[in-house]
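Paired with chain B in one complex and with chain C in the other, chain A is shared by the two complexes that follow.
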Partner chain A sequence: MKDRILAKTDLASFLDRLLKRYRVVAPVDQGEYSLFRPLQRGEEVCLDYLKPARSAKEVFFPQNEDLFYFIEQTQKCVEPESIEKETVLFGVRPCDLKGIEAQDRLFLAGAFQDSYYQNRRKHTILIGLGCESPEASCFCHNFDIDPRGSTVADLFCVPIDNGFYYVSVQSKQGEALAGDLQEAGAEHAQALEETKRRPLKFSAERIPLEELPGALADRFDDPLWEEIAMRCLGCSTCTFVCPTCHCFDITDETHRGVGRRVRTWDSCAAPKFTLHASGHNPRTSNIQRMRQRILHKFSFFKDNQGVISCTGCGRCVAACPVNLDIREVLSELLATKT
Partner chain B sequence: MSDCETRLRQVAAELLSSGQAARVIGYGPGTLPERTRPVFLTKPEETIVLVYNEHCRNNLVSYLMRVKEEGKSAIVCRPNDVRTLVSLIQEQQIEREQVHVITFTAKNADSNGAQDAAKPALFDTLIETEVEFPPAAQAELELFIDKPGDARWEAFKAEMEKCIRCYACRNACPMCYCSECFVERSVPRWVGEGSDVSDTMVFHITRAMHLAGRCGECNACVEACPMNVDLKLINRKINSDLLELFGHRAGVDPEAPAALATFDPNDYNDFIK
Partner chain C sequence: MTEEGACRCDAEISNPYHPWPARIIKITEESAARDTRTFELEWVDPDHTARFQHRPGQFAELSILGAGEAPISITSSPTQPNLQFCIKQMGVVTTAIHQRQVGDVIGVRGPYGNCFPVEAMEGKHVVFVAGGIGLAPLRSVINYLLDESNRSRYADVSILYGARSPGDLLFKEELKQWGERADVQYYETVDRAADGYSGRVGFVPALLEEVAPSPADTVALTCGPPIMIKFVLQGLTKLGFAPSQIITTLEMRMKCGIGKCGRCNIGRHYVCIDGPVFSYEQLLAMPQEY
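The block that comes next holds the complex of A and B.
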């Protein structure tokens, strides 16, 4: 499989060619931020913002998903329509690719596969995009992520000098997309190496996350949790913008003899997240919910799925209405460990 | 550091060291450029972190309702935040004696003051400042109102489609203090979960009606929203209707009764045919 190059000025026409055969989803300008949206034309792609305001997870795990329908008259259940067209998802940063990897482990690995996630995931080809410089909120350097490469993607584009992307072809599916692009020459490979050698400046020091499980183990009743949770509003912003958060609720919606079972995003930060049918709620305080959130993402998920449920994308840091900064929380938990 | 910040830190430190206040709720520097964050201080030496600048978003008044411990809370309020505090006192959610209100007045206040008249309705400490939180342009609101019905609905719907139902707006709002919000009830379920735009509209319209006559236009909801939904439009429209119909603005007069909780024989009744 030969690597390719693509001029930045040719990006729109490359996407137009893909649009002839595929549904193409890419970052699209929404006014003050971009979001992953289906393209009508290649020129709609917007890379003005480092990454879209919400992660790529909504392509495979949408906020609202109809699981099935049920009809009163016929007493039958109806499956949702199956996917007709393959999707190309373009412009996924390494932090979001790592998020996809984490969600793959949750939804696909193990004895039970989530068929809804699986269906969207297997019909999607991923084109990753390397970062040129981090934002103030970025902290992917904590998570074994290379901002300029990822094997999760079928194609991976790194911006190199002279207005080009170096396109690494990493799978057969990727090769099918990139076949009409110019092959990369030795000078391009060298430009790639030079680019990768340039250091990236992050605004915060690396946090020794490997020490975290030990630090958290003894701290369940530590008063520090109250301090951490003090400014938290208990909304779901951090959960919804996060590439790895995956909790959901399932409800039935009915209207005039037709019903649907729908899965929607939920958040452990929400007060009624753990409300039982009995009326008992094991987590009634913000402190308990905040503690659970941190422990789940940075300890329990690692135990269960093998990776930390965080990719350092920093969206939660940027989006939190009260600037609750997870980097600071983790550092505090580590700093004063007994 | 500005004069107003020097004064603010002085006042806060004195309140704590003299024991007049058990805590100070204010703004401190954020971890990102152009951000501040709520801070909760109990020791005089901690007051060195206090800031007051145009990056102060969040209405800190909602934190007053969380305080369970004894002792007065000193609170840093932007001018329109004071309006929400006045409303909460009128609604008997906060006791006046429990708070020491530190707020700000424009250095060269005029009668059209961007900060809602020169003197706030309530204060214990008033500090002069050049920091302004200008209200959104009236022109913007008029654009929304002047649209004919269908176009206004489309404009409203376009904003609603951005909403992801994170409830940051509701949780940031001091006037939303119900122990159980109507969206949290599942039997009966008033609103569907998820971001279906029809359900989202029900949430925002209902919340706006619950805020009618109570919204202090502090802008905390707009600032909290991660998707930049323009919540000002609907709240300000309702507020302007209330001013027209009842001559009432929330939180500017501690003596004025709540418009929608009071019967006045002079209330308009043109709708009775």
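The block that comes next holds the complex of A and C.
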């Protein structure tokens, strides 16, 4: 499989050619930020913002997903139509690609596999996009993430000199997309190497995350959680913008006897998340919920799925209305470990 | 994705959220308060009878389209012909189930969760300590052990059961049968007596202290209201039971039942996957948040 190059000025027409055969989803300008949206025309793609305000998880795990439709009286249900057209997801940064990898482990591995996630995932071709410089909130350098490469994507585009992307072709499906692009020459490969050698400046020092499991062990009853939770409003914004958060609710909605069972994003930060029908609630205080969130993402998920449930994308840092910075929380937990 | 793709989704998988239809063939009013009923079900699709094989202690998500789903332990033993669920009316979904009649169809997803360690328990004496609706999940193991295909592999079986009042005792016909069996020691108590009741009066922990089972080669299985469990655990410990010899089953708010929605965890364990059956030894090692 030969690597390719793509001029930045040719990006829109490349996406237009894809639109003839595929549904194409890419970052689209929403005014003050971008979001992953289906394109009508290639020129709608917007790379003005480093990454969309919400992660790529919503392409595979949408905020609302109809599980099936039913008629109350007959108690019969009908599943939604399965996906007909392949999707190309363009412009996924390595932090979001790592997020997809974490979601794959949760939804597809284990004793049960999620067929809704699987359906969207297997009908989507991924085109990754390398970063040129991190934002102040970015901290992917704490994880096993290369801001300029990822094997999760079918194609991976790295901006190199002279207004080009170096397009690494990493799968047969990627090759099917990039077949009409100019092949990369030796000079392009060298430009890629030079680009990759340039150091990236992050706003904060790397946190020694490998020390985190030790720092979190036996900390369940630590009074530090109260301090950490003090500013948190429990608004759940962090969980919604996060590439790896995966909690959801399932509810039935009906109108005049016809309805749907729908899956929607939910959050462990929400007060009623764990409320029993009896009225008992294991986590009644925000302190308990904050502790649960941090321990789940940085300890329990790692125990169960093998990776930390965080990719350093920094969206939670940017979006939190009270400027709660998870990097500070982790640093504090590490600094105070016994 | 191609075969080289990072995503492991080659094989088509079935929908784990799609409930299987089951018809209600019998409803038994269990409690004088009329808030607890046993529903006996038969599969609408005969194929499902062979495909749904459960082990004692597992649960299912019962579904009423329009109301939602609720996780309910399977009270019938796999040695019994039909699936049974003993359900206390508590919230939206259980109320909707209680409104169903014989002949109505409801949905079932499962079997989910782990099970009681019936193989590890072989050769041992087994003591059941149950309170109120806590008897429902234990009944699947009790009837499993007492089935003629299994009974000989277990030593002495004792059942200690209590409820708030005589009217609240569940499975009254079966309690009588257990009491009449020569190979079972059945002890009953109620918190407060009523007219016509001539049995023991007192709380379950007091009954446990009175019966005082020996911990030697014994496993204790307990389930009931949290306050009862707290005192039963103390009582068993005082009698010399090690935490590994005590087994209980937990309840938790659930939605997916298959370890994806993140709702039912205690520490790293999901009650729907790693539970609901846990030993006291396991519980002591888990965060005390449930």
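Of note:
Here is the rule we use: the second predicted complex is superposed on the first by the 334 of 338 C-alpha atoms of A that agree within 3 Å, B and C clash if a C-alpha of one lies under 4 Å from a C-alpha of the other, contacts with A are read in each partner's own complex, and residues count from 1 in each chain.
As a working rule, contacts are C-beta pairs under 8 Å (C-beta built on N, C-alpha and C of every residue); 3 or more make two chains touch, one makes a residue touch a chain.
Every value quoted in this text rests on a predicted model; they were computed, and no experiment measured them.
Following the overlay on chain A, a side-by-side fit with no clash is recorded for the pair chain B and chain C.
By the touch criterion stated above, A:T151 is placed in contact with chain C alone, chain B being left untouched.
Within the superposed three-chain arrangement, the count of touched residues of chain A is higher for C, of the candidates chain B and chain C. Draw one line from the C-alpha centre of chain A to that of chain B and another to that of chain C; the angle between them is 90°, to the nearest 10. When both complexes are overlaid on chain A, the residue A:D249 reaches chain B and chain C alike.
Of the two partner chains, chain C is the only one that A:L67 touches; chain B does not reach it.
By the touch criterion defined above, A:D325 reaches chain B but does not reach chain C. Of the two partner chains, neither chain B nor chain C is touched by A:A7.
Of the two partner chains, chain B is the only one that A:A53 touches; chain C does not reach it. By the document's definition of touching, of the two partners only chain B reaches A:V262; chain C does not. Superposition on the common chain places the nearest Cα atoms of chain B and chain C 7 Å from each other.
Once the two complexes are overlaid on chain A, the chain A residues touched by chain B in the first and by chain C in the second are 249, 251, 266. By the touch rule above, chain B contacts chain A in their complex via residues 30-33, 35-40, 57-58, 62-63, 162, 164-168, 170-172, 184, 186, 189, 192-196, 223-228. Those residues of chain C whose C-beta lies close enough to touch chain A in the complex are 1-2, 4-9, 13-19, 21, 64-70, 90-94, 104-107, 251-253, 255-256, 258-263, 265-268, 273, 287, 289-290.
Those residues of chain A that touch chain C in the shared complex are 67-68, 70-72, 75, 77, 79, 101, 104, 106-116, 118, 121-122, 125, 151-152, 154, 171-173, 220, 246-252, 254, 257, 259, 261, 263, 266, 268, 273-278, 282-283, 288, 292, 295-296, 299-300, 303-304.
Of all residues in chain A, only 30-33, 53-54, 63-64, 136-137, 230-231, 233-237, 239-241, 249, 251, 253, 262, 264-267, 270-272, 317-319, 321-325, 327-328 touch chain B in the complex they form.
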